[in-house]
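Here chain A shows up in two complexes: once beside chain B, once beside chain C.
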Partner chain A sequence: MILLRLISWPYFRKHILRTMLTAAGIVLGVAVFVGMHTANQSVLAAFSHTVDRIAGKTELQVTAGETGFGEDVLENVQSASTVRVAVPVIEAVVDSNIKGQGNLLILGVDMTGDRSLRDYDLESGDEAVIDDPLVFLAQPDSLIVSKEFAEKNGLAVGSRLPLGTAEGERRFTIRGVMKSSGLTSAFGGNLAIMDIYAAQKMFGRGRTFDRIDLAVRPGRTIALAEAELGAMLGPGFRVEPPSGRGQQFEAMLAAYSMMVGISSLFALFIGMFIIYNSFAIAVTQRRSEIGILRALGATRGQIRRLFLGESAVTGLVGSLGGAAFGLLIARGIAASIGALISDVYGVAQQADELATSPALLLGAIGIGVMTSIVAAAIPAYQAARVDPVQALQKGKYQVLSAGESRVRVAAAAILGAISAACLVIPLDRSRPVFYTGYVLAIIAALLLSPLLSLALARTIRPVLKWIRPVEGALAADSLIQSPRRTSASVAALMLSLALVVAFAGMARASYDTIIDWMESTLNPDLFVLPSQNIVVRTIRFPKTMGPELEAIPGVERIQMVRDARIVFRETPVMVVAVEIESVAQTTRRAPLAGDRDDMYRRAAAGEGLIVSDNLAQLQRLSLGDVLEIPAPAGLIRLPIVGIVVDYSDQQGTILMDRTLFERYWHDDTVNVLRVFLKPGAAVPDVRQRILKRYAGTRQVFVLTNGELKQYILKITDQWFGLTSVQIAVAVLVAILGIVNTLTVSITDRRRELGVLRAVGGLHGQVRRTIWIEALSIGCLGLVLGFALGAINLYYILQIVHHDIAGMRLAYAFPTNVVLTLVPTILTAAFVAAIWPAESAVHGSLVEALEYE
Partner chain B sequence: MNERRCSHTILFVAVVSSFLAGADVEVLRAAEDARAIVAEAQRRTDAKSQRYEGVLQVFDAKGKISDKRWTFERLGSHGQSRVVLRFVAPPEVKGVALLIVNHPDRASDQWMWTPAIERDRRIALQDRSTRFFGTDFSFEDLEERDVNQNDYALLGEESIDGTPGWKIQSTPKQTRSSQYTRSIVWIRTDSYAVARIENYVKDKLVRRLNYSDIQNIQGIWTARQLEMLDLTRGSRTRLTLEKVQYNLPLDDEAFTLQAIRRQ
Partner chain C sequence: MATASRSAPSVPPLPATTPAIVELDHVSKQFQGKRQVTALDDVSLVIPRGQMVSIIGPSGSGKSTLLNLVGGLDRPTSGEVRVDGEALAGLSDDRLTRVRRDKIGFIFQFFNLLPTLSCLENVGLPLHLRGWPRRKVDERARELLTLVQLGARMDHLPDELSGGERQRVAIARALSIYPPILLADEPTGNLDTKTGDDILGLIRDLHATLGSTVIIVTHDMTVAASCNRTIALRDGRVVEDVNRNVTS
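And now, the complex of A and B:
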């Protein structure tokens, strides 16, 4: 502590900017970590909060995936001996049609019995009433809204509110206002209650419920009730506490969460290199100070602890700042994730509040401090190990000794060989081996980065000298003579760019694959949808619309599609029910496994199922495997008759014939109608006819093939929005690292630069020297980053294929992104050099010459 | 000496036994009397059918009054009856109907029909304790009960509105589920008409139903005004019966779910 106070504190104060830059590395890493995880947790917490608030006193919920189930199930559940009360529920998310208000969550309930489970706080106190319960039930346009929603929008009992329904826009009458309570805080207060049977009609649900909420009879346990209901209802139903839905939501987000995890870990890793760089430079800078301390009797241990202590303090300050900054950016990230979830998964979320977890914050701070200590460990060790006499010598310490170079090369070669050997065993056979090989490859690259930087610096020296004979040579020599100072910045930049290249490559490959799939499979001319958002399945069409559309002039064929998420082997996957016989005639793409004709024939006859390639990859399925699909009417046991490319859902898709779906789910409604036109029919004309046919009677949205593809690509863009975050991080890393390196470089070369100016060197020449050095560091980082990125891309594609989305993506180096990164990083490097260059130019010449 | 003591003991036991037996007999007689009174009250209101037009007024705790009107038709009596209750005013609720099928040995089956959405819904047994559309009657209160569904105990005699009456405690049998733990019923001694019912949940009085304006219509003493007080909420609902008729011809088919869906 004394040493920290007497030695470290004055150093921090004297080099406040460098200290801040050092801490900034940890700030960046911790901020990204905290921001992304807090945002993720906030969205999950918002979903769970909504589920909990709506659940009220519900102890168990009966569901059958997104499809819902027939009304007859309710009576069965109510008759169970362990059930005290069981009430049906429908949930629908609709656009509130109020500017700035977004979506409204409609809860359809049977008010005759629902109040046993949910406290509506309707008729108590002075603040909220329902006008007339019988009118509420008798009129299908009745709504009860939360007090918050009513006050925000100037609504009261009797006000009219337009909402989109299956029958088009309908004006609803507010017949009650709920006073503030746990229930009304669900969905950010944008909650409305409706009679369940009116909701069935308004949202085209036929005679189905989404779920049944129930409470257990006193004296009976929840486990007993689960067992009784499970046995009674069969495998097609899930009976679980409300929290189970939160877990399903989390499973749905697993892929996204994994990418967030990878990004945030990389950010911390990069921060570690910035710290390492700073401390390595600091050790160099304070060699004489170390020598004096050692000469005065300080032990190696004390020196080591001094630097570790400094790194711990820096890490703590940086982590605290990073945590605060992370919370600031978390809100923006949460909004972005919320929008992504809504557009990709059709689950509307409003994460209005941040779910700050003290455990996460403390963990992040702890990780930041540990990262800082780990990063400073090697410099601290090196500072402790050097002889006091050598410690008083300048310059030599920046050089890589031959011995050290050999050790690095040997270690890198061994690790690289082990990493290559690990590739022999595929990821799906042994995850530990694969990931070990991945980590070893990164470590090998890091070990080699100083030597590679040195080699590249020597390579570009002639070029730099050719561009600017004096400035170029000086810049190159600075890099060559001080590889330690340079390599950490280059390593940080290399890691950052490697991640950008990998994500960009993954995004590019995904785009290409999705486009290819759309071209060959999504080939209807028009798509008729009940809502603007294609993934929202709140509203459905009746089956009768199929023949109605077929009768429209210009229409050759209609395919009716019903899709819904179910839980298959504890994972939410998509079931797509369509007329397989018709699809066989319109789809051009051959299956990846199975005979095309046989596949379609058997699937159309209800004798088999077709699965998507990503489902087969993620669930380890093969042609011929018998699947057991839980459905309300029983368990479907059918073989896989074909494996196709289909990206309807990230977790995978099961395609079946509509008749099979109707038989097992008792549901003949439709989510999407695919329209194929007769030869010669004009798409705009038929589109108008469809809109005219249903004007005023039904809400329909008609998208052309091109518009739908644009929509899907837009969602894909959102999914890969993380890439933009990574690029921003890369730019910041570049600036931080290069400013840090140049600041020290200028201090180190103060005398050299002073001599230059003294013998007539112009300010412009000094500036250009610094600028060229910065741009050279940028170039080294770019070259090594792209090289490591090419390797990283391979690993990321394997992870995507086997662990995240099951997508078979072709390896393609993202040249477009790379070409964009070059000017971006070089510009960042130049910007980073501006201030150091000015400080080199405007420093005192006399002091520079006296510097010793 | 021992013989004397023994005989005194025997006499004592005999006296006590007879006293106790007498007490049991008294209790039994009282129970039988209570049941007999209730059975008689039920018998005197038996009719093949009934019809009336009802005016329902709900007075909430703040004094606000809402009015509705319905037609009430019943086929059969008590535990063997079926009821169709259909709202006729105001316009927002016109056509909403409730079908109640009463059973002598168990809870009734109830369905509600909503013409605006053309849907019926079953009122689950679990939901019978909820309020009937904002009134102070619960769905259970609308059931027609049979004398055999409860156990009775005569608590004595007490006047209601100056008219003497029997005070009887009624406890649902285990075979009949009820939201109420027990009820106290006052039956007028002169006409066997029910004058008041107080319903308890455990030891708390939750509802009181007063019968008034009792008239003899076609030989059946009928309360033309019923007022239910919800003592927890502080609100009351008044039902006024108009145009009461008994034993009129009613179509059996009209008391089915299909029939109320058609109308």
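And now, the complex of A and C:
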């Protein structure tokens, strides 16, 4: 402790900028970690909050995935001996049509029984609206809105609110405004209540409910009710407490959460490198100080503890700053995740409040401090080993010794060989072996990075000298003479870029694969949808629309599609019900497994199921396996007759014939109508005819083939929006690392730069020396980063295929992103060099020449 | 103008018509720290073109400060320094650098060669900075290294040379532009006697051959005695200014 005060504190004060840069590494890592996790948690918490508030006194909920179920189920549930009260619910998210207000959650309820589960105290309006269910029934255009929503939008009893419904835009009348309560705080206060039968009509539900909320009879336990209802309703239904919906939501976001986790861990890892770099430099520069301390009797343990203590303090300060900064950026990230979830999963959710978890913050601070200590462990160990006699002599400590180089090469070769050997066993055969190989490959690259940096610096020296004989040669020499000073910055940049390259490569491969899938499968000319957002399934069409559309001039064929998320093997997957016979005639693509004709024939006859490649991969399914799918009308037990490429859902898709779906889910509604035109028919003309046919009677959105594909690519863009966050992190890493390295470089080379100025070097020439050094560091980082990125991409694609999305992505190096990264990183390097270059030209020349 | 002058009878003064190349007019230099230190105190000097001048005095007398001011490495607190008729006071850093690289060659006690550059590259450095074509730089650097008898060591790094050889490279570098003024700060201070004599001989030969004005800061009275003129400093003031006739 006394050494920290006597030795470390004055050093920190003298090198305040370097200390700040060191802490900035941890600030960056912890901020990304805290920001991403807090945002993710906030969105999940907001969803759970909404579920919880809407649930009221509900103890159990009966659901059948997104598909809902017939009205008859309600009577069965109500008749159960353990059930005190059971009420039906329909939930729909509609655009509020009010600028800046986003979506409105509409809850369709039966007021007769619902008040025993939820409170609807009115602030204003006629109590008869809730006291007498007939009032609501008789006026299906009635809405009760939350006080929050009414106040925000200047609405009162009697106000009219236009909303998009399955029957087109309808104007609803506000009959009551609810007092603020738990219920009205759900969905950020954007909540409205409607009669359930009106909701069935308005949102195209037919004679179905989305779910049943119930309370258990006094004296009976929830577990007993769960067991009774489970046995009564069969495997097609889920009977669980309201919190179960939160778990399903979490499961749906699993892939996204995993991506967030990988990114934030990488950010911490990169922060660790910045710390390592700083301490490695500090040990090198403070050798003589360490030598004096050792000569005065300091033990190796005291020296080691001194550096570890410094790193712990730096880590703590950086972690506290990072946690605060992370909370600051979490709100923005949460908004972006909310938008992503809405567009990708069709679940509108906004996090108005941050779910700041003390455990997460403490954990992040702990991880930050530990990361810092781990990063400083090697430099601390090296410091403790400093020989006092040698340390007091002047020498070149930035140089890698031949012995160290040999050890590094040998260790990297061994780890690289083990890593390559691990590839012999594929990921789906042994996860530990694959992931061990991945980690070893990264460690081998890190071990080699100083030597590779040195070799590259030697290679570029003639080029730099040719470009600028003095500035170029001196910049290259600075890198060659001090690989230790440069290598950690290069390594941090390399890691950071390797991550960007891997994610960008994955994004590009996904684009290529999705485009290929769209080109071969999504070939209708027009798509007719009930909502602008193609993944929103809360509003649906009746099946009568199929023949109606077929009658429109120019239309040759209609394919009715019903897709719905169900729970299969405890995972939310997508069921896509289509007219398989018709699809067989319009899809060109051959299946990945199974005979094309046999597959379509058996699936069309309801004798088999077709599954997507990603589902097969994630659930370890093969051709011929018999699937058991729980449905409201019983358990579907059918073999897989084909495996096809289909990217309708990240967790996987089960394709079945509509007749089978209708039979097992009692649901004949439609989400999407695919329209194929007759030869010669003009797309804009037919589109206009469809819009005209339903004007004023039904809400329809007609997208052309190109528009739908663009829409899907836009969603894909959003999904890979993380890549831009990673590029930002890479740029920050480049700036932090290079500023750090250059700050030390100009101190080390103070005399050299002084000589340069003394013999006639102008300010511009000295600046150029520093700039070229920075750009060279950027170049080294880019070359090594792209090389490691190419390896990293292979591993990431394997992980995506086997463990995240099940997508079989072709390896393709993301040349376009790489071409963007080159100027981006070089610009960042140049920006990082501005301040050090200015300080290099503005110091005292006399002092520089006398500097030892 | 010297504040004190003691002309040796055997050394005829330079003709009155010889133009001044270095002029110091009431120059003072103070360093600010916890307490103010006066390194030069109201010094006025005129050094004519072509003269070989030694500056002597004990440590802290202001010798190096005077050399730094003449070389444009530092700026006076008050007074004026003129080099070849150009007042340095109002010049920007870059303009001052141009004066240095066009008119002044430096020889330092610790050589100040760039360790990563070869002898040839070190000598060519000021020429590259002036933007000379590579071929011409190469030719001049080779010519100068041959002149200082290091023709066989052109591609060696400074670390591979002896102290005397390093100083020869430094001299070659200082001469690379054939500057009208050559400033040497203890050029033999880091060398053994024999090597020091060789280096001094070389400087005197070059002075005779090239006709540059040479200003040498030294502790060594032998070195001082070999110059046309010796200026002695004490506590930042000129206490003695001796002109003598010296034959090379």
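Just so we're on the same page, the second predicted complex is superposed on the first by the 836 of 852 C-alpha atoms of A that agree within 3 Å, B and C clash if a C-alpha of one lies under 4 Å from a C-alpha of the other, contacts with A are read in each partner's own complex, and residues count from 1 in each chain.
Please note the rule applied: a contact is a pair of C-beta atoms (placed from the backbone, for glycine too) under 8 Å apart; a residue touches a chain by one contact, two chains touch by 3 or more.
Please read all numbers here as calculations on a predicted model, not as lab measurements.
Trainee: For A:K201, is the partner it touches chain B (first), chain C (second), both, or none of the two (neither)?
Mentor: In the superposition, A:K201 contacts chain B only.
Trainee: Who does A:V470 touch here: chain B (first), chain C (second), both, or neither?
Mentor: In the superposition, A:V470 contacts chain C only.
Trainee: Going by the contact rule set out at the top, does A:D110 touch chain B (first), chain C (second), both, or neither?
Mentor: First partner only, chain B.
Trainee: Looking at the overlay, does A:Q481 come into contact with chain B only (first), chain C only (second), both, or neither?
Mentor: Once the two structures are laid over each other on A, A:Q481 reaches chain C alone.
Trainee: Classify the contacts of A:E75 with the two partner chains as first (chain B alone), second (chain C alone), both, or neither.
Mentor: first
Trainee: Figure out whether A:R757 sits in contact with chain B (first) or chain C (second), or with both, or with neither.
Mentor: second
Trainee: Shared contact residues on chain A for chain B and chain C?
Mentor: none
Trainee: If you look only at chain A, which of its residues touch chain B in the complex?
Mentor: Residues of chain A touching chain B: 74-75, 78, 84-86, 110, 112-113, 115-116, 123, 130, 132-135, 137-140, 195, 197-198, 200-201.
Trainee: Under the stated contact criterion, what part of chain C meets chain A in this complex?
Mentor: 68, 71, 73-74, 93-94, 97-98, 100-102, 106, 108, 112-117, 121, 124-126, 128-130, 134, 137, 173, 177
Trainee: Within the complex, which stretch of chain A touches chain C?
Mentor: It is residues 469-470, 473-474, 477-478, 480-481, 751-752, 754-765, 841, 844-846, 849 of chain A that touch chain C.
Trainee: Under the definition above, what is the set of chain B residues touching chain A in their complex?
Mentor: For this pair, the touching residues of chain B are 60, 66, 68, 87, 92-93, 95-96, 112, 114, 116-117, 119, 121-127, 130-131, 133-134, 139, 233.
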